[in-house]
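The next part holds the structures, each set out as C-alpha cells.
The following pair of complexes shares a single chain, chain A, combined with chain B in the former and chain C in the latter.
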Partner chain A sequence: MEDERSFSDICGGRLALQRRYYSPSCREFCLSCPRLSLRSLTAVTCTVWLAAYGLFTLCENSMILSAAIFITLLGLLGYLHFVKIDQETLLIIDSLGIQMTSSYASGKESTTFIEMGKVKDIVINEAIYMQKVIYYLCILLKDPVEPHRISQVVPVFQSAKPRLDCLIEVYRSCQEILAHQKATSTSP
Partner chain B sequence: MVLKAFFPTCCVSVDSGLLVGRWVPEHSSAVVLAVLHFPFIPIQVKQLLAQVRQASQVGVAVLGTWCHCRQEPEESLGRFLEGLGAVFPHEPWLQLCRERGGTFWSCEVTHRQAPAAPSAPGEDQVMLIFYDQRQVLLSQLHPPTVLPDRQAGATPASTGGLAVVFDTVARSEVLFRSDRFDEGPVRLSHWQSEGVEASILVELARRASGPVCLLLASLLSLVSAIGACRKANTVASVLLDVALGLTLLSWLHGRSRIGHLADALVPVADHVAEELQHLLQWLMGAPAGLKMNRALDQVLGRFFLYHIHLWISYIHLMSPFVEHILWHVGLSACLGLTVALSLLSDIIALLTFHIYCFYVYGARLYCLKIHGLSSLWRLFRGKKWNVLRQRVDSCSYDLDQLFIGTLLFTILLFLLPTTALYYLVFTLLRLLVVAVQGLIHLLVDLINSLPLYSLGLRLCRPYRLAGKCCVLDSCPWAGGGEPHLWALQKQGQHRPLCLRPGSRGRHEQVGREDRASQSQRSAGPAASRSWRDSSAGAGSDTGRSRPQAFVLLLWDFLGLGA
Partner chain C sequence: MVSISSPLSLLIYLALRLSKAPGKMVENSLLPGRAIYDFVILLSSQFGFILYLVWAFIPESWLNSLGLTYWPQKHWTVALSLYLLITVVIGYVLLFGINMMSTPSLNSIHTITDNYAKNQQQKKYQEVAIPALRVISASEVNQMLFLAAKDLYTKN
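After this line comes the complex of A and B, so read on.
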C-alpha cells in the first residue's frame, strides 16, 4: 500500500512524503526534497562570473575568466555529489532495525542502519535553530553499559527538515511498530 | 518475537533437500548455511555435522527442509519431508517451499514441544531474509565493544542479531569445503557451488599482477562512489572516451599532421570525382556488353557529369578553409574519441554528398518508371486500380485510351534496362558509403557500451568492507499480508550494505546487484528503475553514437534531468 502527500519544510519549500506500508511490521517513508532551483543556480553563477570579470579588469589576465568557468563547473559537480540531497528514506522493520538512506543528486547513496536492539525510542524534539524553534524527529539509542541511559541521539530527515505535521505522521507509524516490537521482545 | 530465517540467495534455485545451519534462540533467528541434497544416509549427515561443529565451534544442525517443486507439487514428497522431522529432531522445525517458477513461497514452522512460556500474540510471524553468502562471508562487521566485566572469550549476550549472522557465516568455512559436485557421501549446495572463478587464466593473471590490481581497485572505488553499476559503467566509458580523445588530440596536433591531412583531402576528393566521371563514361557506352538506349543514356550521363562538375567547383571553393575546419574538428576530440569519430562520420557524409544525390535521382526515376509500368500493365490487361476500394477492378477502356496506353507501356518497358542499370550502380555506391559510416558507428557504440566497471570488478574484486548495515530487497508473499520476504544483499563494493526495498508485485528472482560475473554474462539492457540503481546488465544505450549522446549522458549523470 502506498500513498503520497505533500508537506512543507521549515523554509516553506514543498516536500513530498511517500509512505509505503509493506506489512504491519514494516513501513517505509520517503521524503523528496525540493529540486535545485534555477534561480539560485543562476544567481550563484552570475555572482562568481561578475567577481571574475571584476578581477579581470584589474589584472588584464584572461586566465581568470577560464578559471571562473572551471570553478563554477567543478563547484556545481561537487555540490551535487556531496551536498545536495534529493531524497531521504526511513525504513523501519520490526525486530530487524531502522535504516536511513540519503540519496544525493549525483546518484550517490549513503545509508545508516541501526539494529532494533539498540533503539530505545523515537521521539520528536524541539530545538533552537538560528532564530527559529524547530521540531525534529530523532532516534534514541540505548547505552550498552547501562540500558536505562541514552547514549546517542540520531536525528532523522536532517536535510529535508519537515514541519511538525509531517513529523507527526511518521512518528505515529513508527510508534505503532515500536510498541508491537516491545510487546513481543524478550529482552528488557 | 518474529522468527527470522536467513536463507542464502545461491540456494534459491537448487533442488529439494535439508536445510543445514544454526539456530540462535536469543534472537529467534535461523541462519541457513547450506542445502543438503537427496539421497543421503542420516548417519553420515550426523557425522559430518559433528565434525563441522568440532572444527568451527559453530552449532550447526539440520534446521528443516527445503522443497523446490519444478512441476506440479508432489504429495509424496511433502509427506516424506514431514517424516524427516522425526529423523533429525530440531526445535523449531522449518519447512520452506518454493513452487512452480518461483512466484510462490511458503514457510511453516512446527514446534514439537509446547513452548515453556505462553507465547505472545503474533508470535507465529515468520520473516524470510535472503542474504548473499559470499559477500556476508567476506565482509567484516564492527565488533561490539567488549564490556569490562566479561571475559575476552565469551560473546556478549547483547550482540545484535545481525552480527551473529555475519559471525556464523564467517566461522563456518569448514562446511563450505565440500560441494554437491564432489564425490562424497554428502552433497551440499552453498556459495561455492556456483564456482568462484571459471577461468584459471584469469586467476593466475590476477595473482601475477598484484600491484596493478590494487591500482585498478582504487580507481574502481573512486568510480563506484558515483553510483551503482549502471551509472558507474557509464562514467567509466566516458572517462575512457575522454582519455582516448586526448591521446588522439595530442597525436593530431603534433608535427603539423593536420596540415598534411588538409593538403591530402582536396586531391582525394578530386580523385574520387574523376573515378565517378570514368564510371559515367563507361555507363554511357556499352557497360558489360549491354546495349543501352542511346538518347536516354546520353541525357542521364550528361546530367550526372554536370553535377560532378558543380561538386568539384564547390570543393575547390572550400579548399582554403579546409585546414581551419580540420583544426577545430581535431580540437573537439578533447570531448572524447566518440565525438571525434561521430564528426568523422559526418564529414564522410558531407564529402560523399554527390553520391547520395545520384542515388536519390536514380531511385526517383526508377520508382516513377516502375509505378508507370505497373499502372500501364494493368491497362494492358484491361484492369484498373480502384483507389476507393484499394483493389484492382476491371475497367472497359476506350480504343484511343488503350492505344496510347499500350504505346507508353512499350516505351517505358524498353527504357527500363537503362534506368535500372543507373539505379543499380548508384545504389551500390551509396551502400558502400553507408557501410563505412556504419562501421564508424559500430566502433562508437562499442566504446560507449563496454562495461568497463563490471569487467574491472570481476578482475580485481576488492573484498574487505566494514559496515554495520545490511541490504534487503523486499518481495511480498503470495496472497498478501505477512510474513514478508526480504533479501540481504550488498549494494556496492565500497559502500556499506544497506536495506533497500525493491519492486512490489510478483516476486522476481533476486537481482544480484553487483555480482560482476553476472553482469558480464548478461550484457543486455539495464534493469528497470523500480530496483533503484540495481542492474545486472552493462550499458544500455546501443543506439547512441552521435555527440548529443554524450550530452545526454552528462545530463543523466548530473541527475538534473531525471
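After this line comes the complex of A and C, so read on.
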C-alpha cells in the first residue's frame, strides 16, 4: 500500500513523503528533497566567473579564466556527488532492524543499518541548530553493558529536515511497529 | 557603584574582582570596604589615563629635561590603543564562535540526557503526596505529546 503527501522542511522548501506499508511489521518512509534549482546554480556560476574575470583584469593571465571554468565544473560534480541528497529513506522491519538510505544527486547511495537489538526507541527531539530550535527524529541506541542507558543518538532525515507535522506521521508509524516488536519479544 | 568610564578602569576592576575568592562575590555589595575598593579603582584609572596622555603628547625633550628618561617608545602609544580596539572587535566574533561551539550537535547525547538524569533515584509513588520532582525520559514525553493527544500538534 502506497501513500504520498507533501510537507515542508524547516526552511520552507517542499518535501514529498512517500509511505509504503509492505506488511504490519515492515514499513518504509521516503522523503524527497527539493531539486537543485537553476537559479542558485546560475548565481554561483556567475559569481565565480565574475570574480575570475576581475582577477584576470588585475593579473592579465588567461590561465585564471580556464581555471575558473575547471573549478566550476569540478565543484558542481563534487557537490552533486558528495553533498546534494535527493532522497532519504527509512525502512523499519520489525524483528530485523532499521535501515537508512541516502541517495545523492549523482546516483550514489549510502546505507546505514541498525539491528533491532540495539534500538531502544525512536523519539522526536528538539535541539538548537544554527540560529533555530528544530524538531528532528532520532533513534536512541541501547548501551550493551546497561540496557537502561542510552549510548548513542542517531538522527534521521538529516538533510531533508522536515517539520513537526511530517515527523509526527513517521513517529506514529514507527511506534506502532516498535510496540508490536516489544509485545512479540517479551512473550515467550 | 563605580562607573566604568575608561577601558583601563574596566581592566583594573576585572583584575581585582577575579583575584578575590568566589565565595565572597555574594557579600560584595554589603561590605563597607566596597566603597574604598571603588575609590581605589577610580584613582588608579584616572592616574593611569593621565600618565598615558603625558606619555603620548608631551615631547621627549621636555620629559628628558625633567629627568624622566626611561619611557617606552612613543610608537607604542598608538599601537597599544589600536591593539585594544581590535581585541574588542575580535571579542565579538570570538564570543559568537564560542557560543556556536558549545552548542551540542544534533547527534550528541547531551540533547537527550545528562549525568543528573542518569543518576537520579526513583522514589516510591505515594497516594496522597505530590510526586517528587524528577526528570522524565524522552520516550515518555514523546508518548504523552504525540501519541496520546492526537489533535494537539496536527493542525497546520
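A few notes on this one:
In this section, the second predicted complex is superposed on the first by the 185 of 188 C-alpha atoms of A that agree within 3 Å, B and C clash if a C-alpha of one lies under 4 Å from a C-alpha of the other, contacts with A are read in each partner's own complex, and residues count from 1 in each chain.
In this text, contacts are C-beta pairs under 8 Å (C-beta built on N, C-alpha and C of every residue); 3 or more make two chains touch, one makes a residue touch a chain.
These numbers were taken from a predicted model, which means no experiment stands behind them.
Partners chain B and chain C, once the complexes are superposed on chain A, both fit on it without clashing. Measuring from the middle, so to speak, at the Cα centre of chain A, the directions to chain B and chain C differ by 150 degrees in steps of 10.
Once the two complexes are overlaid on the shared chain, A:Arg20 sits against chain B while remaining clear of chain C. Of the two partner chains, chain B is the only one touched by A:Asp94; chain C is not. In the superposition on chain A, A:Leu77 makes contact with chain B only, not with chain C. When the two complexes are overlaid on their common chain A, residue A:Leu36 makes contact with chain B while staying clear of chain C.
Within the superposed three-chain model, A:Ala105 lies in touch with chain B and out of touch with chain C [touch as defined at top]. Judged by the number of chain A residues each one touches, B leads among chain B and chain C. Contacts of A:Glu28 after superposition on the shared chain: chain B is touched, whereas chain C is not. Once the two complexes are overlaid on the shared chain, A:Glu115 sits against chain B while remaining clear of chain C. Look at A:Val153: by the touch rule set out above, it reaches chain C but stays clear of chain B.
For the overlaid pair of complexes, the smallest distance between C-alpha atoms of chain B and those of chain C rounds to 20 Å. Interface residues of chain B facing chain A in the complex, by the touch rule stated above, are 1-2, 4, 26, 28, 120, 122-123, 125, 127, 129, 144-145, 147, 158, 160-162, 225-228, 231, 468-470, 472, 474, 476, 481-484, 486, 491, 495-501, 504, 533, 557-560. Of all residues in chain A, only 120-121, 123-129, 136, 138, 140, 149-155, 158, 164-165, 168, 171-172, 175 touch chain C in the complex they form. Listing the residues of chain C that touch chain A in their complex gives 103-104, 106-109, 111-113, 118, 138-139, 141-143, 146-147, 153-154, 156. Looking at the complex, you find that chain A touches chain B at residues 20, 22-26, 28, 36, 76-77, 80-81, 86, 91, 93-97, 99, 101, 104-113, 115-118, 144-145, 180, 183-187.
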